[in-house]
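The following block contains the structure, expressed as structure tokens.
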Amino acid sequence: MDMELVQQAIPFLLKGAQVTLIIGLFGVLIGLPLGIFVGLVRLSRHRQTAACFSAFSAFFRGTPLLVQLFIIYYGFGQLGFVRNNPLLWWVVGSSLHCAILAVVLNTIAYTSEIFRGAFQSIPIGMVEAAQACGMSWWVALFRVRFPLALRQALPAYGNEVAIVIKESSLASTITVLEITGYAKRLMSETFAIIEIFVIASVFYLVINLLAMLLVRQVEKYLSGGLRTGRKIHI
Amino acid sequence: MTDVWRFLFEQRWALSLLKGSAVTLGLGLLGMCLGLIIALPLAIIRWRKVRVVGRLVLGYTMVVRSIPGLLIIYLIFFGSVQAVDSIGEFFGFQAAVRSAYPFLMGMLAIGIISSAYSVEVLRGALQTIPEGLIEASKSLAMPRSAIYLRIVLPLMLRNALPGLNNVWQMTIKDTSLVSVVGLGELMRTAALAAGISRSPLVFYLIAGAVFLLITWVSQRLFAVCERHLNRGFLEAR
Amino acid sequence: MKKTLLAFVCGTALIATAVNAAEDTLTVGTEGDAPPYSMADVNGAVTGYDADIANAVCSEMKVKCRFVVQSFSTLIPSLNADRFDVIVSGLGITEARKKQIDYSIPYGGVPQYYVVAKDSPIASVGSIAEIEKMLDGKTIGVVNGTTYANYVQKHLPNSEVKTYDATTQMLADLEAGRIDSAYSDSPTWTDFIKTPGGARFTRVKVAVRQADDPTVLGYGMGIGIRKGNTALQSKVDTALCSLSKKGELTTISKKWFDEDYAIACKQ
């Protein structure tokens, strides 16, 4: 390995790591609550609303993120009314905003799927018991259904967080300079493909490792009384 | 809109989008198969808890699953991978290897990515096989190969199918990443058409629709397979 | 299953021998996505300035050209991976790239321009230094892996440089108004300004020429050849030289650019 080159590359990749983290943070902070919400709506008795949100989820899970990014960035960027509307242009006009939007929509679709499954797996007796105690729908949701679903969903959600970090790399295709964007630029300038690849990969590994550890800590905390030999698939 | 129509049919971009879809499908299928071929022995190593090697396999799957696919594709395409050429030379069809170079590289990248996920799915499926079944077949003096071929693999396949469905969905979508290095699959064709016709929205929407169609049809096929493999088990549950 | 696999392998081998039979071909790596240099059509045929140059060189060498279309930034690594014999893709000859590949003699050198909106005050400025001072701090588009990208990064250190995978993507972003300016060569702009979306734009008054910063911009466009392939290099050089003497390089340049950007052979 060429040490001089490594030294030259690391500051750039560190700058890129900040952008990767920003996209990842938005993905989790907006994606998680909205994903839970969409998951609940998809289970609701309003058939049409549920179907609408299911279609949304199916679209974003059935198409590659790259296609979604290009539709939002190049596709919507072509439309006159988007360009003339300041609010829409604030979103579509900046490549970083586009990347965040696409990643957030994508993770909402997947998170809603995870939580829909988790809510469905709650034994109906638990909910009935809550109702029998006189809990309202909201109280039952916050004190019984949501905590149970969260515990069920966390291992899968941990994977989803890692996926968000990884998928944020696609932002580089619409000129966002995150880790992969800088890596690509450095690769085509210095031709030191392997070296740059290894450093960039280490960055992703570290970020993902930290995210996984964090999710595991939350998981441990939540399953406090229940720590039997449950297997965790990560 | 009429412009797009003319572009699609008079300049025959519809045809090349169709060709691109075929490349996408082929790339996804072959990449998935390559991934499974790599994953099966690795999964058995993990399942049998082979010392040291098992740890190495775990490391491989962890690393590949934490790195973005795009980065892996850049490594394989930008890095002068002469390995493929030397393999081709060995078998005496270097020219064919050269003309199919982007496709082979794309297949390799997709195969590596999907293999890391397949290992975990297959290992999980193997672990659900009751040890008693294997002991029983050993006590019948079945040869090792027969135990694997007739007991382990069929049971594994049935348990692995839902997981493999997920891996397939991911793999077919990952093929779009190969477009950034210029392999003429669906997404690349759509990008070329979008650039030349200057109406990106339509062409990327078309690409999205084709992907939706592919994932939807394959979901259906997996459902049929699952029902087929589970026949005779449904009543027992 | 085994049989299908066998059939597949045999089939591949058959195709292989078929390809081997056509020995007298020169495989040419090109971008295919950069009008008017290199434009790939539906059937994979390539037209444009670079395609004409490549075809002329091939016919001079009495071989057939076969084009391989790939995005620009992957061309040099792929040449080294023996994916094709030569690169003809407006490839500037630079010192950095000479460490990776060898070059033919230069066959053309095009001036480069910044492009700005017609109503921008920069449009009427008459010196490069002044233009670059005004653009520094703005958002500028370039294509990843080009000498232009290096030039802009060096001369506009405070501006946000956006790098695209393809020229057409950069043009789309310029039209959409996401970038204040873009930097590329004269033919790209001549072509772009003629399109409906490009009518709002104009190139700045002064051109940047290779001689202004040869360490970054290089010495004109050359045909890229794998390192150490001297036999091919001398054949290509001879072909280019004879084309230059016949005036064909000028003809091709005038056909696509309306101007003569050919560089005369010094041999």
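We just call them A, B and C in the order they show up, numbering each chain from 1.
Definition applied: contacts are C-beta pairs under 8 Å (C-beta built on N, C-alpha and C of every residue); 3 or more make two chains touch, one makes a residue touch a chain.
In this text, all values refer to a predicted model and were calculated from it rather than measured experimentally.
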| item | value |
| --- | --- |
| Chain at the geometric heart of the assembly (C-alpha centres) | B |
| A-B or B-C, whichever has more C-beta pairs in contact | A-B |
| Whole-Å gap separating chain A and chain C, where each centre is the average of the chain's CA atoms | 38 |
| Geometric centre distance via CA averages, chain B-chain A, whole Å | 23 |
| Mean-CA-position distance for chain C and chain B (Å) | 34 |
| Where chain A touches two or more other chains, by residue | 74, 77-78, 173, 184, 187-188, 193 |
| Per-residue overlap in chain B, given as positions that touch at least 2 other chains | 78-80, 180, 191, 194, 198, 200 |
| Touching two or more other chains - residue numbers and ranges from chain C | 73, 77, 165, 169, 172, 175 |
| Of all residues in chain A, those that touch chain C in their complex | 74, 77-78, 83, 93-95, 173, 175, 181, 184-185, 187-189, 191, 193 |
| Contacting residues of chain B [partner chain C, same complex] | 11-13, 15-16, 77-82, 85, 91-99, 101-102, 180-182, 184, 191-192, 194-196, 198, 200 |
| In the complex, chain C residues that touch chain B | 12-13, 15-17, 19-20, 27, 32-33, 39-40, 42-44, 69-71, 73-74, 77-78, 80-84, 165-166, 168-169, 171-172, 175, 195, 197 |
| Chain A partner contacts - residues on chain B that touch it in the complex | 63, 65-71, 74-75, 78-80, 120, 124, 169, 173-177, 179-180, 187, 190-191, 194, 198-201, 204-205, 207-208, 211-212, 215-216 |
| Complex contacts: residues of chain C adjacent to chain A | 73, 76-77, 96, 99-100, 141, 144-145, 150, 162-165, 169, 172-173, 175-178 |
